[in-house]
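What follows is chain A paired twice: with chain B in the first complex and chain C in the second.
Entry: the complex of A and B
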């Protein structure tokens, strides 16, 4: 394979609270290759958003990367100072957040908020910036772009605002776009439209994407490969079809089993018992052990090593470390 | 435009209501001005004579209409005590109070805004503890105390500024500035503390908003984020506070005018109330009411300039 665009290696992120330090992300390792769309799935509180914040250097004040490496185009981002980060953000890597209603500044026009990115990262003149911004607005499916250029966020619906946020993320043509649950806050019909937009972006642009979601439908729709996260760990990874057809980790199996499906009509929806442990509740061993239906003796003590099963499919679970169900 | 017309009409309606209330409340106050002018021992006939002369024997409604008709012609009536047109008396006093108010407003804006921004930028544990102490002192120490200290330091010890009275602007600009500087500063200190506290807190609150995160992931510099995004959002609540401060200072600072022996409106108001000088008191209360309404009106317009969400509702 070619060299990865983004390579995260053994990254640990720690939170500093009044009563001590807590590991929120542990041993995160994954790569994003050019032109590839990676999905990250997991329940709320698994560290999906935190991973993306660490990649962009926008962790909360009380969190820090304690270990590991984040290389982008073979440069270590973690060694960057604030000024160097600013050259990366928006221009090289951009992010789309979940909450379109509050993501825009209520006092500035849409046009200003999109073209601001060009002002920062390009040498275009004012009129060129405006022209490019209006083109971008049309590209993300905003109607009457000329008119909306002068509009304010409160005049737009949630779906339109999310399109504006997407335009902001795309306009400087970054090579990596992170979408952090971009459709979660939208109505179902609008969700479908925005997803369609992401598919279009994927086809038209040569940029890579990290798509964070807890919705398998969304993941299946846009992603090539998928990482399953649980309690700050990547517990399984592989191509979308590998994971969906042959889930290995009991957590992944549980997640997939709980997808609503027309064939299961009338039946009670499956749920994984228990909930994600909070930072303070996490202990040694496999983080999923307490909720696991296939728990074994060593699960409570030993953290499972990652095991490559076939192709790109890897899993961290004791079921596969010794007995070796499928090895290649 | 429709918004401004709507605001203007409600503005005038409120003024009419205020004038009615002011006039009739003063009718209910005990104490007969004719009696006060002539003293307690005056003959009833003499009092009746003076009442007639002052027009106090007519019905209240008649006198109210007279007063309002006079207002439209710029005639505010005649002071009972000074036997002079109220207009002339006010015209003597307003420039002094207005000078104080405008100068202290300038000081408040020029010191409060930059300091508030600065302190928000360097926010930290120690900075915020110190700030809390200093601004709390600034807010809770009464302005006359600052007045005395300023007189002592700059007037008596350093002899840089005059300690009482004033020089009219038309006579000597620098001299006038000097004479108004200390009292304005005494008024401004508390207001500066309020503005600093308010602005700093709003900036820090705004910095946690999602739109700031969006601005940050665009790759913008922290400076651009502060001045281009956060500050404008933070100005909305500060505008409200500024409006209150301006209305308060333009009404006249009774204590500071006394400390610095300035013949302003605050002084006049006290005197005219004790002497039951109805025409004068009425006019001053009306002036203050109009002022408050006018400033609220201006603040409303400024809101609309800053905030497009309010602009659209009009």
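Entry: the complex of A and C
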């Protein structure tokens, strides 16, 4: 296997609130390899977006990485100062957010917002920047690019705005793109168009992607591998087809079983009892223990170690630790 | 066949749009453009379409929360606009609505107990002790208990809030509930809980649901019949098993092919372009600007509604009799 482009090792993120410190991410370890699209899936509040913010060094003010290592091309990003960060964001790693209206500046034209990235990161002349920007706009499927270059975000539909955000993320040709629920706010037929665009990017550009979504359908469509997050932990990971066909963690199983579809019509849907615990409600042991139907004695106290089942399929659950007892 | 509980007949709803232009002509947003269908007792009728297709407007016209520009809504055979004040108040008990966002549909300054007592008080049902008992019973029915009586909406999770919204909808023993994107804001595991709750309430009280949603997985799981809307018009109506597996209308076909969970990428139909502006819909068939089977007639003539056997109806020139004669 090649060397990973990005390696996150044992990362913990803590929030500082008035009443104390709370761990929001714990023991986050994963790698993204060149040309690979990795999905992060889970329900709201499980830490999907926080993981991407930690990687990009854009955590909220009251949150901090307390432990761990984030290596990008074998350099430790966590040791970077703001100046060094600016050379990374947009150029090496870029991010696409869910809501294009808030990601774009309403007062600047589309052309200006896309070409700004080139101004920051390249030595191209003004006319070269414009030329490159218009090419990029055509590449992401924006019609009448010359005309739209001078348009403002409010003049565009939701799908077109998201294409602008994608153009901004791609134009400096980053090696890693983080897409945080990039199609969630879009209508079904527009989502289909944007997902097609992501597939095209994946085939043509060979850049790696981290694709965050709560929607298994989207993950299935775009990603090679997937990380399943629950309450700030990665509880299972593996190839998308493997996880969808043979989920091992009781949370992953429950999550996949509770997706409604026409074949389940007339039947009661599977439900996971309870709800995702808030930061304050989290306890030691397995994070899923309180909602788990297969809970055993040690689940409340012992944190399950990650166990590699086969290939890249790994799970953190006492059901799969050797003879049900952790070794650490 | 059972009796229809609601008949929507040729309903139009056009909103005046203040343009501030100098032409002096008013523009109209054609939110609903001649829609006809019936709801039968005890069924779940799904209304699907993208944002701006007019599905929520239909739900609100049906409950007379907004007045149609023209057209008739009949409840158990009687035109609801001819109801006297007294009849209208009595009818309001029979028809209820659950909105997408329980954060904004529940009064933030009132406790759950107050919220559930209000409808009983308005309709002068029972005495104080009866009401209390009824509130308790309803809370239990939606999976909550007495401890919620004195809580405020902000203290509840999204799923709990939606349970309270459902409780306030069923407390007057209605016959019809409009569920307008009622589970769309919820995470998958919570969504499954609420869908199961709605189904069990339907069985117990023989409720009729108008289920408005953009999520085709949910609609196909939940509904007996489905109607597909595009730009204020119905494109196709049919039983879930017919429409879901073999949609006839090119728009319905593209919509259902975009379900990512089960369709392979190569079978998906990706439509070009955006939804046209509903204040200026295309002439002829509203879908012709994006249709891959577009013919000359589609640009000029609105297709009539065709019955394809049983209750399956489609509005598309591909299926009109004249067309098949011409092709033959």
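Everything below uses one rule, namely that the second predicted complex is superposed on the first by the 318 of 328 C-alpha atoms of A that agree within 3 Å, B and C clash if a C-alpha of one lies under 4 Å from a C-alpha of the other, contacts with A are read in each partner's own complex, and residues count from 1 in each chain.
To be clear about the criterion, a residue touches a chain if its C-beta (ideal position, glycine included) is under 8 Å from a C-beta of that chain, and two chains touch if they have at least 3 such contacts.
On a predicted model such as this, the values are computed, not experimentally measured, just so you know.
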| item | value |
| --- | --- |
| Fit or clash - chain C, chain B, common chain A | fit |
| Touched partner set for A:120, first chain B, second chain C, both or neither | first |
| Touched partner set for A:220, first chain B, second chain C, both or neither | second |
| First, second, both or neither for A:268, with chain B first and chain C second | second |
| Touched partner set for A:104, first chain B, second chain C, both or neither | first |
| Which superposed partner A:44 touches (first chain B, second chain C, both, neither) | second |
| First (chain B), second (chain C), both or neither touched by A:56 | first |
| First (chain B), second (chain C), both or neither touched by A:293 | neither |
| Touching partner for A:187 - first (chain B), second (chain C), both, neither | second |
| Minimum Cα separation, chain C to chain B, after superposition on A (Å) | 7 |
| Common ground on chain A, meaning residues reached by chain C in one complex and by chain B in the other | none |
| Touch list for chain A against partner chain B, complex | 56, 58, 82, 85-91, 94-95, 97, 99, 102-108, 113, 116-117, 120-121, 152, 154-155, 165, 168 |
| Residue ranges of chain C touching chain A (in the complex, touch as defined) | 50-51, 157, 159, 187-193, 195-196, 199, 214, 216-218, 220-222, 240-241, 244-245, 254-255, 258-262, 265, 268-272, 274-275 |
| List of chain B residues in touch with chain A within their complex | 209-211, 213-222, 224, 228-229, 232-233, 306-309, 312 |
| Chain A residues touching chain C - in the complex, by the definition given at the top | 43-44, 157, 159-160, 187-193, 195-196, 199, 214-218, 220-221, 254-255, 258-262, 264-265, 268-272, 275-276 |
